[in-house]
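Should a chain be cited, it is by its letter among A, B, C and D, assigned in written order, with residues numbered from 1 in that chain.
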């Protein structure tokens, strides 16, 4: 089994197997016919006129899959949804990325795509929050905004003519992420939703599920809508002052309590367990797993053990069977 | 003394030849073209070729090379090798890649930038060629019209030498080209950078014309005539 | 030496047209975008694929397609005599080249311009047919990485000893000095992309041996397809809605 | 980046399309039909064991040398045989100086597999003292000009050079049979190698979507083709080596068709090599006689051995 390097004892093995089997029985009806591997032909009704989407090609009059995955049909469009693969960006996706290069007027970000993504200086809000032309001084100060190896959050803007990807960060919710940890998981486990930013109030934590499979778990940061934006008449003097004065306060602010740190780790480990099992990551599931671990009184490090893994599988099987029954 | 006094005119010269001694000349201005250099009182040759003279006072050395030295105003055949936001990079067989600004097309604006894939063949004009800079190209004539410039579709591009290209463009027309033109119908575009493009409805015509022209370079005038006659007979 | 007994059995007890046990496992390297272990009898190969990712050396970037790189190595412990091999000797450079070109034939490189795909294959145990095993492992790893391919490539070898065509030679049979034909096919298109042979063989016999190897490739293809299918279903089932 | 663009060779879209279209009407850019071989010229150097092959615009020089060495432990009574390739940067702007590139190694391996693994050269006759001294034959292949299809040209060049190579005769004397005498060429005529058969490489290119087969592709065709197949075979109809290293897939029937065509071409090429070698040998013996004319005694020896 993929990624299962856990030392399971005999009963655990059986329990896990049972849980996974029940998962399989729950979804097998719908997807067993829809799964394809490379070079499998996809049955289509040629007369209707088919639009061939991603992961398909035409070969001797047949539509053929070029990747392993699941056939999806939307009206005339036929495409193959890949499972394990690198991130395929779509405009408007919210992503988490790592800065790898500060280049003239732009940052280059590693986002698990086939190329580095580009965040132009002009397509992000400046720290002072004013809308204006970027000057040479701004360009020189780029490192004060993001430097190499900073983790940041942004939105996919569009594709450029040569196929490279442009990002934007035109809102206060985007930007540098601090005090937390980033997890890398396979992007197929993250579903595109309306909401990718989550504030878990009971834990005081921000959770960002990046569409590219980079997940941020960090201490909650209050989004301060910059006051200066509302009073653009006297920006500079105030801004500078506030910057200097905050340094001391900031130090105090940057202190993350032990409890928050533990919460970060607990949530991160919940996500880790889910990914090893290959379950899709949603807010509800994560919270359920976190609850489960606290209910069982497990330490954070025990969450990565074999027993908890089996428990999670059983829990998930139960949850899914309940939800399918409800649908019926 | 007259400027054409050089006894080397229309003769082969090699580097180091002194074609004129300025001390013998009365006060007269000379215009030196490619391949010539003033060294003190003498005019020296820098590259092998034929010394040409044009009245009243222009001298230059004409030679045939595989490589091309860009010079403003030349019409050349270029191959797109890459696309940059501001320029297409075009290979014109010169010492450096030439830039074709994406706006140098008739009525070119930011909105209608043509899309050239790598390997597109273009008939272009050299706008500027300075040392230390990449030559600049344009797909417009001096009046901003597209004229004949632009993409060459289909056909085949043959490599030749700058000498052959010049011969093809000269008047009276190149005998082989003229002879073939009377018998066959085809299109030809000659770049002074040692490339020519042939297109015809039949692939065999393109191949025949291209190879005949390539071959004619190494033949003398008489041989060319014999070769042409033979070739034309074989077509019938 | 007798490679086929009068009863028609080979040294390891197989029939002439019988292939060794196949075993494949996906996801052997957790950090890689795609990976696989492929075994043909005692030959064991691991493959890992990284990419499509940003090109490492800007100068190599291609504007119209992805850059494919391949590195083939043989572990020091993979053969009977354990010795340090110089890296990048002529044989492994050639195999790297062959694997790269074979995989390039099926990867739809034009869909991923400006990027690079790295394929690493390492022989862990060598018992004949390493070249074939490497290609099979690379195919699996590429499919696991979700890289679009127009077809799978599968490979198998065949030889000719004691006037009998033999499928899937092991080390002893391979080193007997007889002809050795390695074939790689695109099973859907039923076309040959890789064909290598050495030593002497009359043309009509060669055709038979090549045919046999092609049949072997098809069997491998069926197995690989099964493995991929099962893996896909499993991932989808687990993922849930 | 720009440096690389300037050095690499970009095939125009027009050329790619034209080569394909012309092939549909059975014609190639240089006027050949799909299964015509280019003009082959074989020349020999002034010394034995050197040859220069010109195939269209491709030029390859081969030089064979021999040396007495200790044999490999696992093969004590066989001489050794090795092929070295040198892709001179002068031959093609894409060849870089220094370490041999992938294509240089592949070429070496194809020629090596064709000649060595099919046992074209009798290595056992190269043994002088079993376990102690054998001849080590080395072929150096130098690519001088790359006009396409280097493999075939290199292979022909190697064969031509091998068939004119001569090594000095050695005899073992002394009481214990360990004393070695190498006879100078003017005392005893040097011996040619024993070549069992001539494995000739014939390369095919597959061009375009329909994989149209062409023999002996030129440099331009190589840049356009999707895959190639090199078949090494001899006039007895034996296939000695095949190399199709990936690239576009082709049907098995096409491969067999290529094999049959190759075997015809191999016959032509073999006779061309043999004719060239023969005329070289006659010239050589004429030269020998002339040189040794003054002293009648030595000339007798030479005649005797020739």
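Please note the rule applied: a residue touches a chain if its C-beta (ideal position, glycine included) is under 8 Å from a C-beta of that chain, and two chains touch if they have at least 3 such contacts.
Note that the structure is a prediction, hence the values are computed from the model and not measured.
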Sorted by label, the chains bordering both chain A and chain B are C
Which pairing of chains gives the most C-beta pairs in contact?
A-C
Chain-centre distance (mean CA atoms) for chain B and chain C, in whole Å, is 52
Averaged over CA atoms, how far is the centre of chain A from the centre of chain C? Could you give it in whole Å?
35
Using mean CA coordinates as chain centres, what's the gap between chain B and chain D in Å?
40
Rounded to the nearest Å, the gap separating the Cα centres of chain A and chain D is 59
Where in chain A do residues touch two or more other chains at once?
162
So chain B residues touching two or more other chains come to 82-83, 117-118
Which parts of chain D, given as residue numbers and ranges, touch two or more other chains?
none
Enumerate the contact residues on chain D facing chain C in the complex.
1, 3-4, 102, 105-106, 108-109, 113, 117-119, 226-227, 229, 233, 237-252, 255-256, 259-260, 263
Within the complex, which stretch of chain C touches chain D?
58-59, 61, 90-91, 93-94, 96-105, 151, 181, 184-186, 189-203, 206-207, 210-211, 214
Chain C to chain B touching residues, read off their complex
63-64
Give the list of chain B residues in touch with chain C in this complex.
82-83, 117-118
Which positions of chain C touch chain A when the two form their complex?
26-27, 30, 33-34, 51-54, 63, 66, 108, 112-115, 143-152, 187-189, 225, 228-229, 231-241
